[in-house]
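Next up: the structures, one after another.
After this come two complexes, each holding chain A, first together with chain B and then together with chain C.
Here is the complex of A and B:
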């Protein structure tokens, strides 16, 4: 595998995409309001369920509330629908011609670009949401992590989760080389991720057997791990296994993505004149 | 030194007639047509030469440029540019070439042009000093000035094209491929672009391959002309070779195309 020694070009790519993301302030403000209300609404729904029989649920109410606030704050990190329209367009209309005549790996370029897009969006949105959620009275507010170690592990798995979801979206981009229209694959993948990653309901709420399988899938290595570690709903052994799975899926998906990308580059038809 | 020998490239295109019935039929049985974009294309271009590559729409001009710039892999034939096979050593090859696709943009849409240039500087790992001097020279020759601080989306076509051309030359490429660089430009911008290309070739000895439909581009810039039609090289000569005594160069070229039935 060709490993690019010079990281500077990719960092520079990251920087440009990042600073570009920061300039969309109105979008960020609208996003913050939407996510805040969405989070509040979800919490109210869970509250209604918990009032009936709190013992029937696998996570404590406070843990669910924390899970939801973090999920809303870092939506831009984990949202499967956040893909770069420009990358799909470049493949579809042939603008990729320019990217192919750069001394740079397409895979790494798009990867750093996607990471930058998500981090810039998330940074703009997470601070206000976290601040307001932390100020809310118990049990509706965001709690502190169970311990310093949980906090540190949360940050580590958040980063790994980000890389896993980007590696996943890279596979979706690359499929477009082969299928021309990205819509079908994209819709399928987005729904699959949303459901299996624990974005709709946290994974512990799934029946035992299904949950066991779901937790092995790459989708569980996205938001499920960091959010549950923070809210303290994983044991030490589970956390270790989860981190190992994150690393495993990251390596598998990056390797698959790079392989497919190189194959696509060779047989690519650049669309348009 | 650029050599292309017996290069062939074909595309498979799905075709069907109009209508719903036909669309449903195509679900089960799809007809493909093999389009031969390039058949047996060969030519040699020495260092420092400016060549006009002309031909009607769909003749294979863009396919040739894409092969030369390492983007497309031909079906057969060989191509060597300064000892490298473009599609095999893509990354080493593209470091040394500059490409302008007149119908596409390499500038980042939402940020000032200078940000795109700074990115190109890092992508090509251009040393500071060379970047500075190239940028100063390009800014002066192409009259970029304030344009550099403007987001690309707010530039007019002529302004943007000047910025695109500058962007392709920041890394001092030895070879420049220009695919319709004057398309859609007004008279003033066209003259500025032509003038610049000429100077670039004279001052830096840059090899230039230019595709265009604007015969005045060719008249102003190139001595050698390669004519391609239906994927084949039909003529490799000088401007004089295509003169047929018509009223103006456009008519002469139209006559030429007709005489080759392309």
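Here is the complex of A and C:
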């Protein structure tokens, strides 16, 4: 009974934020146009490199194309810069005091809000991008996943990846409790995620040794895993390891986040009046 | 004119002094600007580790190209930032105040912001430029040095023109249009490679719709010794003409301005 009521609270936070996110349809339409352009240009760059030396290509060309279209379609899921200004503001201007009075866990509330924000944004944007990308002619279009199993595993790892990136942004929010100007931490984390997660270039394009290390880091558990499973550039063994790492990092980051959050709540100094 | 220049300098000094009251925030934003373009640089670096060249351009040549585009963009963003954030001015009705003052609107909007944090991006561009100049094995002539300077002038003008269009559209839509980012941020992002890397079609588009090719691809051919005609030196200056239609649109917008403030 208790657990059920508890869950219900966070589900309503989720629904609230989710329907709010669905309101921004014009913004989504504009975003779709932008992301199409981005995807197309990105593909043209890889095409130029492919023409230079096809043998040096670490993934099949179609796999890279698929990776790029998925990346654009699910940008709102994995974009590291998508953090909620309201949360930073609440900590800085003292509104956090009201949140602390409520019979809820701040960590779980923010977590469910962040998940809702990202999913609603992504839902609005991904369908048209995926549909049109799938219609494009052969090497430039989005392909179907290699098999049903790949498709299913893609959905599972997409969800895990979403939870991992949200758990990571939670750590960034929580550092705001400890430093009053969080810009530095935030900027640094966003850049690190972008680069190490494979948003700038997919991880297989890194030199072998660097790639080996990068794949162990939590950043690789974000977009890298689902996008590469879908595009079929991971072997069975690699996929298993990647999923285990995702679960591992999720547990570690959630535990760290909850611990730090609880500590911060106990010693919080409310700013402002 | 001289009085206008003095007034502009006065505006800028106020804005900069104001910004310097928040030094940490300034440093972090500048650092963020640096890191974003540093990521792009690392992407190029690792791709060239693997492929060594693209469409006949070497690593140093691409860095030269990216450095110049990044500088053009940062300079434009630094001084024309007022137009980039113009939607706020229109929505709050603040633009009424601009109209009743006895000075040109453009001067006031330009003076309202001076984004010194873009120095972070500039730093990245300067480092890459120096590296590229040392390693690209270009036989320097006075003409080529002028070409680079003209590219900076023309490029800053083109990007400023785009910001001006962005602002002018706000008169009709009240909010910034996200697709304009394709033309500004997109050009910075994808201007890192000489435009012909993206294929002929894109090169044509980038010559006709917005004259990006005039401030990037064509003069670059001259600097890299792939084209000899000295006419290439002055092509980037031709791109300054792009400001005329932008200004026209802006005037049109100002005439149609309806206050939205209370």
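Rule of thumb we're sticking to: the second predicted complex is superposed on the first by the 268 of 273 C-alpha atoms of A that agree within 3 Å, B and C clash if a C-alpha of one lies under 4 Å from a C-alpha of the other, contacts with A are read in each partner's own complex, and residues count from 1 in each chain.
Convention: a contact is a pair of C-beta atoms (placed from the backbone, for glycine too) under 8 Å apart; a residue touches a chain by one contact, two chains touch by 3 or more.
On a predicted model such as this, the values are computed, not experimentally measured, just so you know.
Chemist: Could you tell me whether chain B and chain C fit or clash when both sit on chain A in the superposition?
Modeler: Superposition check on chain A shows chain B and chain C fit without a clash.
Chemist: Looking at A:102, would you say it contacts chain B, chain C, both, or neither? Reply first, second, both or neither.
Modeler: Only chain B is touched by A:102; chain C is not.
Chemist: Looking at the overlay, does A:85 come into contact with chain B only (first), chain C only (second), both, or neither?
Modeler: Neither chain B nor chain C is touched by A:85.
Chemist: Where does A:45 make contact in the superposed view: on chain B (first), on chain C (second), on both, or on neither?
Modeler: So A:45 only meets chain C here.
Chemist: With the two complexes superposed on chain A, say which partner A:8 touches: chain B (first), chain C (second), both, or neither.
Modeler: After superposing on A, A:8 lies in contact with chain B but is clear of chain C.
Chemist: May I ask you to decide whether A:184 touches chain B, chain C, both, or neither, giving the answer as first, second, both or neither?
Modeler: A:184 sits against chain C, while chain B stays out of touch.
Chemist: How wide is the angle at the Cα centre of chain A, looking out to the Cα centres of chain B and chain C, in steps of 10 degrees?
Modeler: Angle at the centre of chain A: 90 degrees.
Chemist: Looking at the overlay, does A:267 come into contact with chain B only (first), chain C only (second), both, or neither?
Modeler: Touch partner of A:267: chain B, not chain C.
Chemist: With both complexes overlaid on chain A, does A:16 touch chain B (first), chain C (second), both or neither?
Modeler: In the superposition, A:16 contacts chain B only.
Chemist: Just the number, please: smallest Cα separation between chain B and chain C in the overlaid arrangement, in Å.
Modeler: Once the two complexes are overlaid, chain B and chain C approach no closer than 8 Å between C-alpha atoms.
Chemist: What residues on chain A does chain C touch that chain B touches too?
Modeler: none
Chemist: Quick one: which bits of chain A touch chain C in the complex? Just the residue numbers, please.
Modeler: Listed in rising order, the residues are 27, 30-31, 33-34, 37-38, 41, 44-45, 47-49, 51-53, 56, 58, 181, 183-184, 187-188, 190-191, 194-195, 200-201, 205-207.
Chemist: What residues on chain C touch chain A, complex-wise?
Modeler: On the chain C side, the touching residues are 24-25, 28-29, 31-32, 35-36, 38-40, 42-43, 46-47, 49-55, 177-179, 181-182, 186, 189-190, 193, 197-199, 202.
Chemist: Using the touch rule from the top, collect the residues of chain B that touch chain A in their complex.
Modeler: Going through chain B, the ones touching chain A are 11, 57-58, 62, 66, 69-73, 87, 90-92, 94-95, 97, 99, 101, 103-106, 108, 110-111, 115-116, 118-119, 122-125.
Chemist: Can you list the residues on chain A that touch chain B in the complex?
Modeler: Touch residues, chain A against chain B: 6, 8-9, 11-13, 16, 19-20, 23, 94-95, 97-98, 100-105, 265-270, 272-273.
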